[in-house]
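Each in structure tokens, the structures are laid out below.
The following pair of complexes shares a single chain, chain A, combined with chain B in the former and chain C in the latter.
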Partner chain A sequence: MKAIIEAKNLSRWYGNVLGISEVNLEIEPGITALLGPNGAGKSTFMKIITGQLKPNLGEARIFGQKVWNNRQIFRRLGFCPEVDAFYDELNGQEFLTGLLSLYGFGKAECRKLARQALELVELQDVSSRPIRSYSRGMRQRLKVAQALAHDPEVLILDEPLSGLDPLSKRKLIRLIKDFRAEGKTVVVSSHVLPEVEAMTSEIILIHHGKILARGDIHFIRELIDTHPHMIRIKSTQYRELARALAGEDYILEISFQPEDQSVIFETHHRDRFFDRLNELLLESGLILDEITSPDDNLQAIFDYLVGR
Partner chain B sequence: MAEIREKGYHHWDGQLEEKRWNFWPITRTGIKLAFQRKYFKFVFSGAFLPAMVYAAGVYISERLEDFRFMAQGAERTFQVNPAFFKSYLSLDFLFFMIILLMALGGAGLIADDFRHKAVQLYFARPITKLDYLLGKAGVVVFFVGLLTLVPGLVLLILKLLFSGSFKFILDYPWIILSIIFYSLFLMTFFTAFVLLISSLSKNRRYVSVIIFAVYLLSDIVQGIFWVIFRSPYSALFSVKANLKQLASAIFLEKLPYTYPWYLSLLVLGSFCLVSFVVIKSKVRGVEVIR
Partner chain C sequence: MKNEILRVFSFYFYLAKKSTRTRIFLLLSSAAVLMSLVIRVYRLAGNWTESGQVIFQNFLMVFFLQFLIVLLALFYGTSTVVEELENRTLPYLTARPVARAAIIIGKFLGYLTLTTILLFFSILLSYLILNLDRQFGMGDLWTIIRYSLVLWLGLAAYLSFFTFLGTWLRKPILVGLAFGFGWESVIQYFPGTTQKLSIAHYLKSLLPQYTSSSGKLGFLFIRLEPTKPVLAVIILIAIILFFLTLASLIFTYREYLFED
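Right, the complex of A and B next:
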């Protein structure tokens, strides 16, 4: 698939402080999540690809065109900043109409597109109320509305889910997924890892201004060989199961959780473990209630990679 | 009939216009927001008071016979000549009202964007920094133009209408240019003045106070220097004095201060230039924390 966003040797410093360093990336259509602790360089990257910050070194390109000083590229890009950026005196409709007019839409088009965007984020009922009267969630949804009102091909969302109630979060995640279904590109940053997991499995992990990992969450987990895989099995016969597997050379550690009748195995060879488990179940007739992988999720990968 | 609408993305298939005046939506929003400020409409209406008085003056000047009872001994006051136009465009009250209007409606032009971090919203759209600055400048130009250029030209048209001839224009063929040029200068100066101060703070109230303070303090500084040195050059420190000096030069009137007019032009021109450089460096899409 052709990359929509490209970063080549992107570096940016703030005086002596490093923003990002030698970032090389290609982002394809779909949802890509940008993850990293505070100060990792996520916002710097987003500001560079939205043309608001000039890299000290390297180049950012969208649709093959360089971003810096190329305002025309922003017709195809929607940006939702992390911080509130509103004129409180205006109402939602006026705010969106004003911003849409900067793209060169006619008056009637601006009104129509603003109305559609407000409907999309379910703010049509409060569109004539001043923004100052909006709740935090409403303001967040309005920010998203301004990013997608002009039907962009690329959406850059900086912490779009913060401040939203669970229902609104679900709706917004669905909206972002719909956007992806159109074949468009979404880059989203978030601190809340379960929310990112609900949106996509394609992640870019930034730490100290460098890309630590990128790709599918599970594929990345496979590559982390410094931390063995944890497999938790819940069964009333958990001790028998442990005894049967204890002799296998690829099992590194076994720990019991008697309070919920489960056992955790640690191994570097998940495939071999599961092959053996299947054989064992067929041979011995052991009954299992649940198999989970406690560290095959974003939080665990994140913790392993940033060294928490 | 009820309509069930599917919620989802609506694609826009139209053709985007390539606008040359990209700054206009910013100006339009700025003007709209100014009128939403408390007391702005009241002050804005009051700012036209001098124009109305001068319009009445034009009428009376052409009907001196009818108004002799009230204009006795004050005929010179009712003479419409270049000094009349200069007097209107360099009126203390007019300057004061412009400053008041800008303190109310112009102080937040850039300061509010800084406070709300809205600059990044502008710069994530197809507009340049110049478009942004022109858009903000447009707001000041609009209001200052409405109080200077428009009344200046209207007074001239009234003079021609009431006199029923073009003699005035024939006597002073340069008067239109003087009105336009001086009004444009006032627009440029006040734009630089307001945008500079607005770009120095995130707090609109501070900006309003500083707009007033700089304008008034410049007169006080002039007064202090005058008391100490007794030099006419002390007027170079005063915004008002420089504007008046320049007005006299442009309308070919006697200069109120004995120093050359081009020194005032130099002071105000340099101020505009420095302001532009400062504003350009202050306005950026992101806040860079060092």
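Right, the complex of A and C next:
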């Protein structure tokens, strides 16, 4: 399949700080996820391929054309930036209509496309409210709406799921998959592995500005499954819970945090741990208040992968 | 390119109309009308003997020419890029199929149209209030049009210069303030060609009736050595085009980074 997005020896630095270094990539139609911890270089890469930044070295091409200052490309591209920024004096409908007018659509067409996009992200009921009154999740969805309102062939989404509640995340993931089903190209960045897993199996691992690995998500899953995980459970019955799980062979360490009534398990087999936890809850009727992963960020996993 | 400029103009005119800044400047422009009313009442009480025309001329020089148009141009012009950077909305613009130069020119025209409306509304009402004691004729219409055009030229020239500052500097307001209210004022008191290094000089040259003896505030223009009106207009137009072109070029080739 022909590559839609090409990066050749792409390097970018900010003074002494490295953004990305010698990135070589070819991205084909479908969903490709850029996975990496904060500061890995995902946003820098996305800004370069959307013409927001110039590379110091190398070049970025979309549809075989250079991106910087190429407005023919921008017509075929939708970009959802990471930052939570809007023209707050506008309402949702005005925001989309205004941005669509920059493509040269007529007024009626702008209104129609804006309405369709708002329906796609389920903001039609609040479209006449000022953006400043929107919740974080609504603002995030509006940002996605502005990226796809003009029906682009390539969609670049920088952390599109951040700030969304689980239901909105699921809906947005479905929307992104529908976009792929039309044969289009989506590049999406995230630092949360389960989100990426839900969207695509094609991932690019990026860390310290370099491409660490690329391929099917199962490959990284296997690597990660051998990496010890920390799982923190908050419950008034945290001691009973610890006692019940202490004998399991995949539990490496248990530590207590009595001050907030929680227990931290360290395991090298997350799936087995959660299967057993589910069984235990059904059998014993234990009540849990909260489950979190203190190291559920990619930094820990990447540090592990690069052997730090 | 023309269509792209019109698209940007249309969006930003609408956006600027709804902005808090425009509401503040509408109030400031209305302050001129209020001041005219105060002066009118003061005159009715017999405290000011000059005609409404002369008072208006002085008022125009001090408030409109040396204050309002500079302030309007400063806050709209410098915001062209800086505001997008501070609010982080720049990617919404630069990822659209619009030439970067069209963004600058379209925004410039949008802001110029909006500030012109604010300015003309204020000039017209102030003139009418200060000259209520006599019958209006064609001469008044001509006077209003003439003063409005001179101020409009000044507004466009300052706006163009401040737009350039906004694309070039990260913090253009301080430099703009120093230029608009420092350099532009002080340089007027220097004799010879030095005073020609200001926009205000050419604007004052288009209002030749102002001499050291005209009005109570005539001392402000005591050292004016006017440029010929035709030349002054040409120079003002050249200033507008030069700085607008420069701003467009800078914005086209420069990349803008957010603070972090």
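Quick note on the criterion: the second predicted complex is superposed on the first by the 219 of 308 C-alpha atoms of A that agree within 3 Å, B and C clash if a C-alpha of one lies under 4 Å from a C-alpha of the other, contacts with A are read in each partner's own complex, and residues count from 1 in each chain.
Rule of thumb we're sticking to: a residue touches a chain if its C-beta (ideal position, glycine included) is under 8 Å from a C-beta of that chain, and two chains touch if they have at least 3 such contacts.
All values reported here derive from a predicted model rather than from experimental measurement.
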Quick check on the superposition: with chain A as the shared anchor, is it clash or fit for chain B versus chain C?
clash
Kindly classify A:V17 by the partners it touches after superposition: chain B alone (first), chain C alone (second), both, or neither?
first
Scan A:R270 for contacts with chain B and chain C and give back first, second, both or neither.
neither
In the overlay, answer first, second, both or neither for which of chain B and chain C A:L113 touches.
first
Greater residue coverage of chain A in the superposed arrangement, chain B or chain C
B
Classify the contacts of A:R141 with the two partner chains as first (chain B alone), second (chain C alone), both, or neither.
neither
Output check: A:E182 vs chain B and chain C. Expected answer is one of first, second, both, neither. What do you get?
first
Return first, second, both or neither, reflecting whether A:D151 touches chain B, chain C, both chains, or no partner chain.
first
Examine A:G104 and indicate which partner it touches, taking first as chain B and second as chain C; both and neither are also allowed.
both
So the chain A residues that chain B and chain C both touch are 14, 47, 50-53, 71-72, 74-75, 77, 79, 81, 83, 85-87, 89-90, 94, 98-99, 101-104, 146
In the complex, the residues of chain B that touch chain A are 5, 7-12, 14, 16-19, 22, 25-26, 28-29, 32-33, 36, 112, 116-118, 120-128, 284-286, 288-290
Spell out the residues on chain A that touch chain B in their complex, using ranges where they run on.
14-15, 17, 47, 50-53, 71-75, 77-79, 81, 83-90, 94, 98-99, 101-106, 109, 113, 116, 119-120, 146, 148, 150-151, 178-179, 182
Over in the complex, which chain C residues touch chain A? Could you list them?
3-4, 7-8, 10-11, 14-15, 18-20, 87-100, 252, 255, 257-258
Would you pull the chain A residues touching chain C in the complex into a rising list?
14, 47, 50-54, 69, 71-72, 74-75, 77, 79, 81, 83, 85-87, 89-90, 94, 98-99, 101-104, 146
